[in-house]
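Naming follows writing order (A, B, C and D), and every chain is counted from residue 1.
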């Protein structure tokens, strides 16, 4: 565990930047006070915010054309956990880790859980994988998994999901996320309705295996790997399935899984309204499921999503608690750096959404004053809350500038030595 | 009524083309027979096919930039009915007419119904209009109708819809189509959830006013006139609303109302599976709600929609009978010509879908033979069924070549004389 | 002229808000100083920034479905100029006005120019209109204007453009913007190549009539009013035409005229690189040519456009001066309010782009440090420069809060009385 | 070479189907004759048609998530050539093979050329690869190749392209296709203009190495592997670069490399008009660069592309000869089957485009008769030319039903035995 960054280094880093932060925090505090806002409420909110890390995100990602490996990529779930620990240590915003099986399967769940606890981490939703064939696998998923025309293939895929629940139980997880790539590349390849009927049959078996306090997240995606018709392609299908399956089934929204021009914040509002919003896979995109860093392409959209979440929280109170997870592919950056800055971007949107003057907003909406309603959102969004986020980190023993502190720590060089590259292979499981 | 084309002219037209048609029909019949298909079954199916005409489609359409009027545009619902009669007379595929209120409101419903019956026409779903302000209207819909924050405006919009039901009852209609343009142009303008709650409240009142044998069609649309967030923007919202309202509420699919790249035939399959497919507004589009002639841009997609309908009909039998309507904007063509050829294109897709060898298709699907499954669809789609469609028209007393017969009839010149142009105004109500 | 807001009212407004602004400005100045940035340089830049107003933008816009008029809409170009004067008086960022003929045609150009000068306004690019038919027009543009198959129609359209140049000369304009809606709604309607050949022939005649110190802006648009194939649909076509025509021909980029997912800032970079960037029509959009308020949907994209402009300015120096114009449709807001806040949003993006540390950015780019390069942009973008913009307005005798000052002034109520509504008609010319 | 299908088997296959084909051909001939068309002209045209095969297409493709290998995948360029030979033997439409280096690099070019000649094949454009790192490569392309900020990396990429020309010369190729994935995943990662400047510098070096009778094809692509800004993203950039480089530089259009809703046939028309249309990578797509089988998703679009090509051929005569190549990824089908049926689909579109009555079309266009112009295209498109394509194959010694003949031949089983699977690896080079 000595590989993790020494807490003394973080304190040293903060000491150097503290005076500047204090000055900025005070300046911002004054500006907010003139708007009638107490900066401390926002800082406290920021301190409480958490978004889970994807275990598969700490390896370098790629495309079908190539993967360009980075240095020191983790070779197993224990090393992934080390990387996640560093991210949480510096940002204090990522206490949860979401595992993916069989990639993260271990024979020693107890050791894994102990390592997590030592790092102050816990295990969020577990993810099944029936979009790849494993070496020892009897039936191929080439033509589908939960929707396969072959009953044996479907049974194998169902069994794997139930195994994921068992693995998750041992680790303290409370949810299973099911994403399947099942679909067709040709018109006619699938009977579209038949495929969804088989999906529902398979999911009923998985649902039946859920512990009472678990949730089942259905993740939809417009396309890729299927390029003509994806069985769970949109929120409408996800919603209809979640309704069919029962109360523990919820819809998971990945920000990159929609048709061009889709208003994602409205989907969030709809799912919240109908009681089926399970959670998020945060990332950003310009074209398709680009899996870019959260907030890097359209930060206003991320804010608008959190504006809906703040509205739902105000309406539904403590009962409303969707799961927040990052899901990104880091092809040209150090994954630890991208995950740190992405966690901060999601946290930023959360804090900005707290800044919205909801009383004024509601009044403008009632009066059909579209311009002032829009400005009310924009005023909150325009506010540079960087000092609040940094102060929240300081108070939680994180780093004022996580990326700078990380770079200075030499962590990447240390793990590069400890983890020699495996030729060709991806540590993430995905290309 | 003498303005309508003389049936003798149609017979004369057919006499000239009949020998060629017979030869083509026989040649095609032979080709189909070699594939084990009896052409007569297809011709009989074609003879039974019907798609309703939109009363607003017989006027020239336009865009927000301009409308370039055509000659002899109908000035009231009686003249629209004349144009619809000509379309049906020549195609024999359009016995239904869908009215739009208040545009088509008449004080003499009895006379209108008699005129329709004389032409062999009946009235399909009626459409309400709360996306425009009328001269005598108390509350403006500038900021919404069924979703308006003003209770008085909502009540007015509800009352208009109930009036539409009354008007439809007098004409023999059995369904109300509700499309609202309600939505927001700015983030923040609407409370997204609040707007849908108000919509559902309003729709509950309308639903309560439905006769027992009526259906309520909910039409969704991604954007325009609202450009940031449309309240009923996608099939997921439409579906959730239809479920909330009750069994008589169904979803209406307009082919041009979806996000780019959307797989529309899959939406058709989903709505059929969950028992909520109400009907269609057929048209074609390349960019947005372009309202182009059916089958003019992507005829294969139209075929794939009918392939799903044929699958659903096979599964669900006589209980499955969604409403078929055209909904197009004819900006550069004679609307009568466009509606005739569009009706034929929809009919063509219907007949091609009947040609699909469903036993072979199912076998290829079960065997994951994607290539042959796709080819099974393509073989049906590739078949040029023009001779079948023409023969079906001949047998139903329509014209072999409706556009040629219409042009030769001089109908447009006659109505141009009878209906002098109104300066500037659109006869369709829309631009 | 007494209708314009009294300058004493503006001073009074500023006096009330001045202390708060000073405090915010000082706080921001301190934060920037800690980053090594002198706030005064930014304020001076903001003071110099200008974006032209579209005369057609001060009327209420609409869609093909409806237009919901506002109160006190201007009825002629003189009244439009009054509204533009108010916008400039309060924002001090909009000294130019872009006219549209024949909508803004006047027999008294001298009086118009005098009124403009009295308001501190000048005339920017003039716009021709061959996408609508005028009452007294001989040949219709229903089937095209500069691309029409009819030589007489093309000649008429060319003559109108040359008349626009003459009108512009009398007003002191230095550029003609040509946007044509010409295109096809059906595959086959146009010979695609023939249409562009005719376009180029027509444009050569217009180009030949340009004064030596004028520019010709070619504006492309993906679709609407043509829904299958627009002759000048993309920047590639615009660029090829500008090259063909000569050095005075340049490309104009309207932010809403692109295919979904298009990277617009890259088009800006390309046109700048190849010496053909003529100018902009600023607005924002989510779906198509939505003509929403600038920066209301994707403010980061607007910033990225200005980041490219700052890069080009750094490379090309004073020679690089594209024209900046707003082009929006205000359907649910007071157009004056929307234009004021939009001008401020464009100015905001301009100032934020000045804040980018270009030395650091270049270094990160050279080192392939994608994360820090991105953060360098984000740091500038995140900075809330509202106090800078307000201070720039104060120093230029504008209003600290233009919308509040405008609302308090009672201007809209005064013009509502002076300009009784014309039934039905749009003041903008567009729906 | 004995592995190839015995010609006797093909003859036997044809003998069984010949009577049916003759009957269909005669029936179709009659129908065409009644429209004034001589079927023999079309059959002769079909016999002359050729589209090149991509060597990388005979292996099974995949996505970044997974690749599901097929049986008997070729392990080297000689085995790939065998598969291509079978495709050409049965379709007689694919005499050219397009190689990709270093995947297809061989030390024995002479043997390769001899094998090709023995199969009646020749080598079409060669493709370079600087989007992947090779084992022995000095500089990584992780951050770009021809656009890399590192001069050494650029030089390496240029040298590879020049080596490709040398390899191509030895094989008789006459063109180099350059596709680079270079681009940025983050705003700010690239200086957009600097990247294109470096690209042009690199390309100038490659261009200088081109033999006098070679062409250089520039292939653009909107996104993937770069997800924010691709350096050669659209036809406008490709065109500007081709112009900058010189007459031998041309633009290559891949049907899947465009933004949603793009009118691709118009791009074809533009490039033809400006003399820069180099060639095509044919495939089909619904969402992105899906690389689906040609004509499987939107066959009418493929026809419209060929309609533009027929128009250009009529205008420009023999000088107009763009290169036709397939470029597809076969993830769920036997690649040989997909390539055979795709070649036939492209040939089908070519023949249908020959069927267009261009005199009538031009007349309708001149008369602005949009409806009849569209119907003129549709009549040609609707014609089922399957019998013509089959007869052309028979006359060229191909198979009436290539897929059936192939399946019956047992070729796949034979190569499955001869080519044991390599664990994990892709034979195509791409995932």
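As a convention for this text, a contact is a pair of C-beta atoms (placed from the backbone, for glycine too) under 8 Å apart; a residue touches a chain by one contact, two chains touch by 3 or more.
Here's who's who by UniProt: A, B, C, D = L-rhamnose catabolism isomerase.
Worth saying up front: this structure is predicted, and the values here are computed from it rather than measured.
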- Per mean C-alpha coordinates, the chain lying farthest from subunit A is B
- Higher C-beta contact count, B-D or B-C? B-C
- Message: With centres defined as the mean C-alpha position, give me the subunit B-subunit C separation in Å.
- Response: 39
- Message: I need the residues of subunit A touching at least two other chains; which ones are they?
- Response: 142-143, 185-187, 189, 222-223, 228, 260-261, 263, 286-287, 293, 296-297, 300, 332-333, 368, 370-371, 374-375, 378
- Query: What residues of subunit A sit close enough to touch subunit D in their complex?
  - Reply: 61-66, 68, 131-133, 140-143, 181, 185-187, 189, 222-225, 227-228, 260, 285-288, 290-293, 296-297, 331-333, 430-431
- Task: Report the residues of subunit A in contact with subunit B in the complex, numbered from low to high.
- Result: 142-143, 149, 184-194, 196-197, 222-223, 228-229, 233-237, 239-240, 243, 258-263, 265-267, 269-270, 272-274, 300, 304, 307-308, 311-312, 315, 361-362, 364-368, 370-371, 373-378
- Mind listing the subunit D positions that touch subunit B in their complex? 20, 23-24, 27-28, 30-31, 34, 260-261, 263, 286-287, 293, 296-301, 332-334, 337-338, 341, 368, 370-372, 374-375, 378, 381-384, 386, 403
